[in-house]
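See below for the structure under consideration.
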């Protein structure tokens, strides 16, 4: 496949593999490195290092779980940056700290590469449907170049500002998402403890405009016993940790987010790989536990 | 006007007066007592006590701010209960404690009256449009009798269970509403402190399904400088206080709701009668204050 | 016994009965009404109502659990206020809301009685030893009159200001006490989860000046398996609830106190009558529970 | 000076320089590297890198502010580990993450060095007086070797367990310290808002056993207008951040600590280098601010 129609992938989990599927339909090929050794499928060209991805593609999407994985993927002997050709475009779709995004931008610029932080808002259903929202930080020119790809995997691109801005905006959004779930968990737990039944709560909370569509879907799933992962607890727990650290870095007071993080921490104990809406189930269980 | 087409009102503030307007269009008259002495208009029959309302109407809607006002309106020499005729229907649309609703039910039953706790989900725009959601606790027969009225003022009636259930469900919903606003406030404040601008935040948060329609509207209003009251801070602060007390009564742990209450408390200091979304403005100001 | 050496007691629980014992040693007799019907002993003159206490004593100590019990004890047909003679002194040692203390002062003044709010800092060991600290609100003259009694039951009297000031100061102190215990609980739980052992934690926390003597004693007790009540969880949970309500009434933000209340709420579920330091055990158990 | 009586210092801030002074009185000399370029005095042998400290001393005390500074001091070309001779003893008195302590132990072992994590409980007054408490993690043999030094700078050594245990215990203690201060801040703020005066609060809180000696001292200082640094806010804020991260790593729920961190964050905005008890002043100011 011609080089300009090849997208490199470093990290190929639930989100990246779905992006690749939609890109394939649109005529793009993929060259893939999975740090975990898992993932990828017959149609994908799997290579042995992030560096090799960079050697074979001029546009690379990085989608790894956290700062540590990002640093491991980018830097060092076998890192992506060592392989990419001058002029390449690195689209970092990971949810990592703003600091890591800024550091990547600097490292990339020094190598005459363009880096965008482009974390994704949306879970697996939106990834399947090509309905993601892409939150981008980085230079205008890079965003223009990436736009055709963003248009395939997503329904909306928001260019939030210079490098790091996408990562920051992602923390804003995921903070609201996490807090919204914990708010639901605490409220619903009170409702149940007070004698309201599941059906009434589901009917009411599905009907009012003060609950988001996302959280309505989660509530329905959890009440139906479905906590299969669309967005795993361990990643949400990590994201709210990033938000707390970032807010502390700006000397802000965010007591509600700090409280939200605690139920996610408790949820991670037994549901790290389940959907983060398992927190609702955990809150419900806690209300019935003798300690 | 014939008695069965007369609705009594005890309390005639922003919400009740809007309900009355829609009921008037549907052919109902109103007899009104306003504890504050404010409110009511030319077309309304204003009387001098809650008791007199009860003497002149068989169906009475009570809509007062809190437990204290409710007790003052219902009981004692000039109270509503002293005036109502046997067989009357008392629709308590106030947001009060579940305990007060249960106490009202008992007092009403002793007088051969039917009482419903029927707090309202929705603010002034929904009240204007007859689009409220009515959360009802009480006997089935009472709900059936009230249904024509609920159908005029609202778009949906949810019968949540026996007496007190409407009040409980209201606390569930308002807890989510309050926490959602504080989550927005903290997240947006971080976003701004980190360098994101208002326009980007508004665009992004308006686009994602993890923010509720209600909170999107509030965000837009606050960013446009509009904190005029649709739902005043003092009432939201009271409601989350009721939720915390109720949760404590069930020996539950609700740290996020407890945290949400604090920003509303701070907001009440200077914005008691502004919309509760002023909390977002307060959080933004706090982030820029030297202490 | 001569009237001036008779102390009336309304409420005769763990604290009041210990005060009475020390007063008896000092030559005072007691006339006692216990709303619960429990308490009192052979030597005590037990009467059938709070009113009767007031009829037989010019100085009455009220020591009941909360606002509701206080109101029941004071007002109405059989209430204390109805029995006391003009010029009497009412020492309210209960921990109740500042509002209730102010209301009592007004009601007492109208009857030419002097009322002091005089809640007690200290638990059963301090009560046994006559080492309580008495936190007093009310008129100077009343404090002077009560001083001989305070000197027998306590080691220090702090006159905090006008009526209600004692109740306020009590909330300040009990907030610190509660929060200190929850801080200990969370920190120790982390320590244990991280691999530190109980003995090391006890040694270290007993040695540093950042843990109060009170909390050191509690830590030692809980680690030794002793959560027998010196100050029951239900009362501490009530007190922190009063503090949160009072702080909200002043439009303050107290997120830490609000968080502290949550673990006490959880503790009350199974340990309402155990010592409030059971919260440490609950936190430890929670850290090992699968939810 | 003979080698065995020379103590190396990497980092020579408020705490380390006071330790050195006490060691000098006991006959030890110092060779010092200050990463900041500040600190040290005439009598000290100042060298140009951490490595040089290691080349000139077999026992080295490291006392730097955080993980980043620790890593910069230890590793790399000019790092301490590159300079120390086989058999040397590295006493890391910094407050850093348990992970960094474990990593140091591994790196040290590989070089046939003994490393102890030995953070210090106590502020500048205790350092002056040689009254510190030393919290040690690491091998028994290393602790024995360091004991003579610990006995000079401190009054108590607690050997908490293997490598990392000292760092963990330090987080436990500083969490209690931080939370105790924020509890004091919130309670006192309520007291003042409710009408109690500073003198009454100081008298009462100084008299009760539920406030620690440390916090009593702080309260007195702050009320006297003294927030000069004994333990700066930026370091306490860092420590509680480490505790939150560590607790999250164990999937624990620590809502009170999370709340405590917020006021410290707010305090750091304007009082990073003032004593962390400035949080009390910040809370007091916040209670009077219009937002």
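Just a few scattered comments:
Going in written order, the chains are labelled A, B, C and D, and every chain counts its residues from 1.
Basically, a residue touches a chain if its C-beta (ideal position, glycine included) is under 8 Å from a C-beta of that chain, and two chains touch if they have at least 3 such contacts.
Source: prediction; values computed, not measured.
Chain pair with the larger contact count among C-D and B-C is C-D, by C-beta pairs in contact. Taking each chain's centre as the mean of its CA atoms, C is the chain most distant from chain A. For this pair, chain B with chain D, the centres built from the Cα atoms lie 51 Å apart.
Look at where the CA atoms of chain B average out and do the same for chain C: the two points lie 36 Å apart. Shown for chain D are the residues in touch with two or more other chains, namely 247, 252-255, 258-259, 262-263, 266, 269, 286. Those residues of chain B whose C-beta lies close enough to touch chain A in the complex are 98, 121, 133, 135, 156, 158, 160-161, 164-165, 168-169, 171-173, 175-177, 179-180, 182-184, 186-191, 193-197, 200-201, 203-205, 207-215, 243, 246-247, 250, 252-260, 262-263, 286-287.
By the touch rule above, chain A contacts chain D in their complex via residues 237, 241, 244-245, 247-248, 251-255, 258-259, 261-263, 265-266, 268-269.
Listing the residues of chain B that touch chain D in their complex gives 255, 259, 266-267, 269-270, 281-282, 285-286, 289-291.
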